[in-house]
Every structure is written in structure tokens, then in C-alpha cells.
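Per-chain numbering from 1; labels A, B, C and D assigned in written order.
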Amino acid sequence: MKQSDNKTIRRSDDKTNYEPKIVAFLCNWCSYAGADLAGVSRFQYPPNIRVIRVPCSGRINPLYIIKALQSGVDGVLVSGCHPGDCHYISGNLFARRKFALMKKFLDYLGIEPERVQFSWVSAAEGARFAEIIKKVTNDIKKLGPLTYFRKDFEKTGKVL
Amino acid sequence: MLKEKRNLMLYKQDFEKFFRLLSETFTIFGPSKTDGSRSFTKIDASDEIAFDYENTKMSLKEFFFPQTETLFFFDTEKNEVKQTDVETNKHDKQNILFGVRPCDAMSISFLDKVFNANNPQDLYYTRRRKSTRIVSFACTNPASTCFCTSVGCGPDSETGADIIFFELNGRYFIKTVTPEGEKTIKSAEKLLNPATKNDIEEKVHLMKTANSNLKKIFDSGNLQKKLDNFNAPYWGKLHRKCLGCGICTYLCPTCHCFDITDEVIKSNGRRIRTWDSCMFSLFTLHASGHNPRPTQKERMRQRIMHKFNYAPKYYGKTFCVGCGRCVIYCPVNMDIRDVMKEIMEER
Amino acid sequence: MNNPYVPMPVRISDIITENEARDIKTFKLIFENKEDEKKFSFLPGQFAELSILGFGECPIGIASSPTEDGFLLFTVKRAGVVTTRLHRAEIGETIGIRGPLGNTYPIQDMEGHNVLIIGGGFAFTTLRSTIKYILEKRNRGSFKDLTVIYGARNPGELIYKDELWQWEKQSGMKTYITVDKGDKNWNPLTLPSPRCPPPYPPPTSGGGQRRGYYVGEGLKEGGRYEGFVPTILKEVAPSPKDTIALICGPPIMIKFTLPILTNLGFVPESIFLSLEMRMKCGIGKCGRCNIGHKYVCKDGPVFAYAELQRLPNEY
Amino acid sequence: MRQIEYEIINTVEKLFADKKIDIFIGYKKGTLSLQTSPYFLSEQDDVRKLVWNSFCSNNLAVFIPRIIPNSKSKESKPVGILCKGCDSRSLVGLIKEKQINRDNLFIIGISCPGIVDRRKILSRLDGKEIIGIDEDADSIVVKLKDGEKRFEKEEYLCESCLNCAHPTPSIYDVLIRGAVYSLQAITPDPITKDFSSKPREERWKIFETEVSKCIRCYACRDACPNCYCKECFAEQTKPQWLGVSKGLSEVIFYHIVRILHQAGRCVDCGACVRACPMDINLRLFTRVMVDEVKERFGYEPGISLKDTPPLATFSADDKQEFMTEPE
């Protein structure tokens, strides 16, 4: 996760003009193409997402999501092909089960469910992609920055 | 300069005053009642101290050699080391570790040999060590898991301590062990009286009972010779129930192995040292994939040998103080006393 | 007071790719601060911790000789996190160094004696330092005959090639170079011409016939071979008289070399090995590189075979 | 209890006599009161040292992947093992995930009356030294220097045993029947139900305080039979997912990912809780996954060798109410 584009998104703990940082894991065959389509079709959506392209939503290990949250993002979106449309036949259906458990568990621990979201976006759904990004960004904006377990040794690294 | 160790008495009703006088010049740490004497924490009032604890869960080493320590901070963008506060920070206020068990106090004298010795000196450890006095508390009621007398320690061992307290009936018998200890109690001098013959007798009697409660299970000198047999058959068996977790080494007051790694967030980074354990499979894994200790057998052997054979050869001391933490907390009840017995019985 | 954990800055002034597989590179380092350079006095056999901020440290043997002024050489094989990053480094980059660490080859004991150097693979680094040290004009007189036996998997894997070809020709030392498997340019010495100097530079096409290594007598001036180091050692059969042997190489090579040296009549006290272990602190505190009660980082990495025999066989 | 102990000893003796096994894993008397220790015995060893009581807390299945390293290799003789209900469920998981071969095991199943939590008893003794222990069907009698103390087992069982649905082993070669502590198992477990009813901030606070005690000894992982990965994510260096410091962020990361990794595998044996030296109440967080897997996929790990693990399969009409839809 390269964080060189800090200029465009200024993060601030001040809630009013706070811009969340969101990582979007997009499946190569549908959602990534959907995002592309949203771009070429000029559908406007908030610039808060950083896209990481993955071969399939089934490739997502819960580890990646937790790592992203720990590394300083405020929310994560995972998006893949609609059920039945997976390029690898059933990758997204396996993934759906993992997502269900993960969603439940993070909610149970006390992390807001809006922090980690999952969606299906096909290659033809540019508009839907833009809508989903809008929703996710708004949700996370409302929650404010994630402070739960972001790694920050500047505060804790003090010696005795 | 201290000519001889002094024996002093303090009445229990004066302890509160004594504590307050000391806390004017020192920050006091001790086993606190609030966290169930899990570790040594800052004590603000004398009644927070848990006197009757057996042993803290975390050993004293944590205080001088914390689980995670920043060696220095750096900036990866500028590619430069920002100095730590080890050189710059002056710690004006000195610390007292109060109510340390003699075994823990002794363990610090071992860690001194590793970190404080001039070969070269470990500044991080030394700095804390220099600013800290250890006031130990003799054990009058040792736990069933204690085996300090087997490894050359004891319920009234003075090694490593600056002052040692003995709890007598209604009063404390205080013995100053080092010049630093003498300086420590200077401010509370007026509360202290010289010990009488009676007091000394009572103390001697008290420790006799405590000592008799501790069974000597093995002799560490003989054990060292016995362990010279590196390929003894028992190594093939002993480790079998070991899970390979790091409880025994992390809770051990003398285990001091560590790892050095870098952590980076954006361009801020720090080099840290963290506890590591010879029980972990990755401990000795080379980058090439070769591992000199590939199975739990070798790792278990390393732990035992390091404490009872290598350390005596290298530092002249058996690196075990018999605190019993590894015995209490091992999830599979791998009792080091049993292991020792088995080794001693082997012909 | 010096903090033993803080690295000194050094600049990479040159990078040489040593082998065909391109996973061994030699880095030429120059101190950023002159005082650091003065403090860094070492002898052949010692190592140092190279550190890259954000990646960590790795212990590497010093390949340059103390007689080479103004720079340090480190030959690094790409293996772990730090070395992989180091291999991506560019000339001009600043890295860190901590050292010198460990003990040295027994230079004083070696003085006035013949020296036999046996190296394998890329573990030749500290041995190169030793050879350079001995060959230095003002030191050369202190040592008697110098014999070098060096082997690698194939000609492409030989490191310090330029110097090897030079040493082959140099008088006052015998250089035996061997590869496990030669290629068409590798021209091992063959029976009819035992004293024939090796072709230099290696022929570009055709080359000599590959007929395996030479078996026989009379090879006194060194040469090129095909075969494993222990085998060549057996053929070369250096005299144990008044000789100190230094070995550094992969464990398997060491394992087969030691019995041959013993058979030749070398006593364990005259054989010195340089060992490798996983290290972190390099100053005998972090407690992972011990072999028995010796720390490889502090009491080693050089051990007399006699000493090693008394230690557990766990490396 | 004694009766069952004899039965175990006789069975094992016979197994050795018939040359059916070379090694047997059971329990022997521990060196501390209220504790037993895993016992590896071969033919030469003393079979009569085997014990069976309310303190046989270790999940012995954890040793199986370590001593039978390869699932494909057929050992000449199977390994004998004493299995409680939860141990056998762990074994089922290992067999299903091809870590071991069923033919390599000789399982002496034992229906389990529940394991007594020694920490619960110790906390009632105020650090007094225990001289002896007596056990009958319903209670534990702890003998102290100054008298005795009686503890009703029912109150002092481990949390995971209190809500155990399958105290009788699901697979075995020989089953030794004994008293089974029978309580109606409830899903979801009361502790998770109670926890989920708390406000969000409080839940996180509890989670944070619990795991902040962690010293990263990895005992929870090493005591877990289903944590069999040769290389754990926590120790990987390429890439390094997890830092090695004791910081809260790392500890939280480790526990979340470990628990998620165990989802669909965890048989709620409580081995991690009992192994933890810092008394972290791990079950508060692990149990919820067990309940969720059962509710969502109708799957209970370790019950049958036939059904597919929930995350290794799917159904076209799995519920997906949690997916984000545009507003």
C-alpha cells in the first residue's frame, strides 16, 4: 500500500472535513472492470478508495482485511462478481461464506459493520460501482477515523 | 562508605511513614494488589503492596529488559538514524523495586552478567539498572513449586538485592546489603532502630523453618557434569509432550534471548528488540533454510542445557533461580524438577 | 559511551555481481564518517552486521583485507529479507554497519607457518581477506607457503574470478580451483600436461576436452580441476608439516574435508573453521547462535577443530 | 472413576500385548495438584501410571500431527490415543483436512463427565497449599493443612464443558462408557449471548483489555490441535504480516486472525483457554464462531467424518443479507 498520494486526501481527525481512507479489493474480472467502466462513463464517485486488484474475491484472506485496517485505513470494501458469474465458476461463492463469518466476528468484537463491506459488481455495472463507493464512503465518513488498533508506535514506543 | 551490612528494625505501624519518606525521592514499583500481582507496577500508597504474594506472574526481568524495547527510531525517507533517548534522557528520579522475592533479585544479578558486563555494555539495560534499587522480601512461606535451594538460591538469598526485608512478628527486620541500599534508607533513618540479639534470633529461626519447607531436589553442580553428555538417550524422550510454546521462557526471570527487527509506518521506523524463545521453531532458522535445531528435541535440550550447563561454563552461574514459574504455567505440566530428576537418575 | 546497537553509516561505492546466477554480489562500502573508519579496525575472519533501515540486519563476513585501505568489501548471497533488499541497492546508497564483530583467523599463530586455505562456494569471503592479507608485501615475509584450494558448483559460481585468475599465475602461492561440474570453457588440467599453466583467459570456444580431474602426482603449482573440494584436497595432499589449515564452506564440504585432513596428518589444533549461525545482536547477548557454551558471534566465528570437537555437534 | 481408570489400563495393556500399537498417549499424574500431564508410553513403560480423572484437561489430539508427520505414510502400527469427546472431534477435523490418516490411529474413546477447571478451584483456596485430593462422582474434595474443602463439580467445570453437546467421542475403536455430565447444550452459548447484548464500545473495551494481557507466547496456538500449519501467519517473514512487538495493535491482529482461521474448525475444547498463562478469556471470542457456523451453515465440526467443512464448500443459496447494496 503505497501512500504517496497524501496530497489529494487530507486526513484529519476533525470529523467535519475528514476524508476517510478506504481500501477496495476488486476482483479482476468483474468489479475491477466495473470500476473501469465507471471511469470511462464519467460516473462521479468519491476519490477515497485505493484499489487493490485481486484475481478473484475468493483470493481474499481475512488476514488482508485486518492488515489493511491495522495499517491505517478507515474501511475496507471487497467486491467480486455476482454469484453465478465468477470467472473461476465458484470462487465468489466460497468467499461469501468467509465474508459472512468475518462480518459477524468483527461486529461481535465491536468494530462497526460498516468498516468492512462486501459487494457484487459486474463488469457492466459502472453506475452501480459508483453508487456503492458513494455509500461505503458515506458510511465510513459518518463513523470517523478508525482508532481501534491502528499501529502507531510514536505514542507507545517510549522507553520506561 | 558502608563498612558492614547493617541490621535494622522497623515497626509495622511505621511502615506507612517509611514508604512515604522513600517515595519522596524514589518512584516505587512493586507487586500490586490491583492487578492480582501479575507484574511489578507503580505503587502510590503503601497499602497497595501485596506482601503475601508467592511470585508475580511476569518476572522481574520485564522491568529492566522489557518485552519490546525501541533501540532507536529512524527515518526511511531521509535514510538516517534518529538517536534514541537512551543517551539524551536523564532520569532524575530513581526507582525502587519493592517487595522483590529473593529469587527474582538473584535473577537480576545473572542478567547483569549478560547485559551489564563490559563486553560490550548494553546501555538500555544498564541505564535502568543504574537508576533502580532492589528491595527484596525474604520468603517465609515458600510455595510448593519453589525449588530455589536446589539451584543455589534460597528464601533469604541476598544476591542482587540492595536491601532485604524479613517479616517478623509486628515488625520488619531490615538488612542493608549494598552501599546503595544504605543510601536508599537514609531519609527514613529516624524510623529505624538497630536490631537486637532477640530480633536476629527470631529472624534466624524464621528462615530455618522456611528453608526446611524447601526440599532440595537436585544438586546443580552434579547436574552440570551430568549434562555434559550431549547425546544422552533421555533427550529423545523428554521433549515429547512439549507443545513448543514460549511460556516457560517468557515467564522465566533469567531467560534473556531476544530478536532484533525493524518496524516501519510510512517513513517512520524503529528498530526494536523483542523477547524471543529457543522453544520456537524459527529461532535458529537460517535464511538458507538450514536449521541447526530442527525439532523440539533439540530446542528442549537447548533450553535445559543453556540454563544448567552452558551458562555455568560461560557466566559461572546456573541460570535458574527456582522460582517455579515454568512449573506452574506450563500447559502440559512439563515440570523442570521432574526433568532434572530424570536426568540425574540416568546412568 | 558507544551504543553497540546503533549502526554506522556507510556508502555503497561499487557493486560487483560475482556469479552467473546473479545472486551473489560484492558491495564496496566507504565510511561516511572518518572517525567511524578509524574505530573499525579488524583482522581477517571477522564479520559485521549490515543493516538497512526498515528491513533489518544480517551478519556478513568481511571480504576485504585490513591491508586494503579506504573501503570494505562484503560479498552477499541473496537469501533472506535483508539480503534481498541489499541486492536491490544502488551505488551511492547509504546503509548501516555494525562491527567489527567476532574473532579472527589465528593470524599470529599462522605467522612463520605454511598456510592452507580451503574454501567452498561463496563462503570464500573471509578467506579472500586472509589471502589478501598474507599476499600483502609487508606481511608476506611472515608466512611461509600459501596454498589455496577453492571450489564451487560450476565455473559461473566461482567468486572473485579476476583475482582467482591472477592468483593462479602469481608466484609464491599455489592455487587449485575446482568446480563440481565444468562447462565447455572450463579446461581442467589433464594428465599429459601437469605443469602446463592454465589457459588464461579461458578459451571462448571449443575449449579443452573434459576428462575429469587429474589423478596422479606432480601437481605442485596448482591448477584447475573438476571434482569436489575434498577429492581435490586428497589429490593435492598438502603436507601437514608446519601447516595451519583454514576452512570455510558449506557444512557438507566441511564434513567430508575434515577426515581427509586428518588422514593427511593434520592435527585438530592446526585446523581452523569458520562457522555460520543465525545471529541477531552479534555481541553475545541475544542468545541464539550458541554451539554448546560458545557463542559463534563472540567466541567465533573461527574455531579450532580441536575446540569444535569438544563442543556439541549442533550447527 | 477408579473403575474407568482400570478399564483404560486393561485395554491399553491388551493393545500392547496384542502388538496392536507401539505408542499410547494418555494422562499421568501431574506434579501439581489438580493437574495431570500427557503421558507417552511404549511397551516398556508402566501402564499403571495412566490415570483418568476430572483434571485430564489437555487435548491429546494436538500431539498426533506431530508424531505422525505425513498423512500419506502408513505407519507400521497405529498410534494409540485416549480421547474425550472434544479430543475426538479435533481428530475428526485433522482427518478431514488430511493431516492424519484414520488408519494410523487406535482411539480409545471415553465418554467425558466434564473437566474441572483448576483455576476456579485455586481461586477459592487463597493460596493455601493442597495436601491431597479426593474425587467422587459429583465432587472434588481438596485436603488442606487445616481441613478439607468440598467442591461440587457441576459448579467448577471448565466453561467449554458446561456447554458441551457431544461429551461422547464421535469416532473411536473402543469406547469406555462412563458417567456423562449431561446438560442441555445451548446455542448460542450464554456467554456469547451475554457479550453480544452489550453496547459496541463496551464489547471492544472488553476485547481490548482481555487481549492486552497477551505476552505472545503462542501457547493458545500451540495447544490447539487444529492449529497445525507448518508455518503460521504470525511468524511468516515473507511477507511479514505481523510485527513482533508486544503492542496492542499486533496482539489484536494476532487474535482476530487466529480466531477467524479457526472458524469452522474450532471444536470448542477450551485447550487454548487452559493453556493461556495470562488467563485471557479466549473462549468469549472463539465460541461465537462455533455458534455462527452452526447457525449459518448447519455445521458442527468434528461430529462426522463425512460432511464437508463449511468453508471448503458452498451452497448457491447461502444467505447474503450482509452484502452492500447501493442506497
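Going forward, a residue touches a chain if its C-beta (ideal position, glycine included) is under 8 Å from a C-beta of that chain, and two chains touch if they have at least 3 such contacts.
Model, not experiment: these values are computed from the prediction.
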Contact-richer chain pair (by C-beta pairs counted) among B-D and A-D: A-D
Most distant chain from chain B, judged by the mean position of its C-alpha atoms: A
Distance between chain centroids, defined by C-alpha means - chain B, chain D (Å): 33
Centroid spacing, where centroids are CA-atom means, of chain A and chain D in whole angstrom: 35
Chain centre separation (chain C, chain D; CA means) in Å: 52
Centre distance in Å when chain A and chain B are each reduced to the mean of their C-alpha atoms: 47
Where chain C touches two or more other chains, by residue: 80
Touching two or more other chains - residue numbers and ranges from chain D: 243, 245, 247
Overlap residues in chain B, where contacts from two or more other chains coincide: 84, 86, 124, 259, 261, 263, 272
Chains touching one another, given as label pairs in label order: A-B, A-D, B-C, B-D, C-D
Chain B contact footprint on chain C (complex, rising order): 1-7, 9, 51, 53-58, 79-80, 83, 93-94, 96, 251, 276-278, 280-281, 283-290, 292-293, 295, 298, 312-315
Chain D residues touching chain B - in the complex, by the definition given at the top: 30-32, 35-40, 58, 62-63, 66-67, 127, 129-130, 213, 215-219, 221-223, 235, 243-247, 271, 274-275, 277-278
Residues on chain D engaged by chain A in the complex (per definition of touch): 192, 195-196, 200-205, 207-208, 233, 241, 243, 245, 247-250, 252-253, 256-257, 259-261, 263-264, 285, 288-289, 292-293, 296-297, 310-316, 318-320, 322-327
Chain D-facing residues of chain C, complex: 80-81
Touch list for chain A against partner chain B, complex: 3, 71-72, 151-154, 157-160
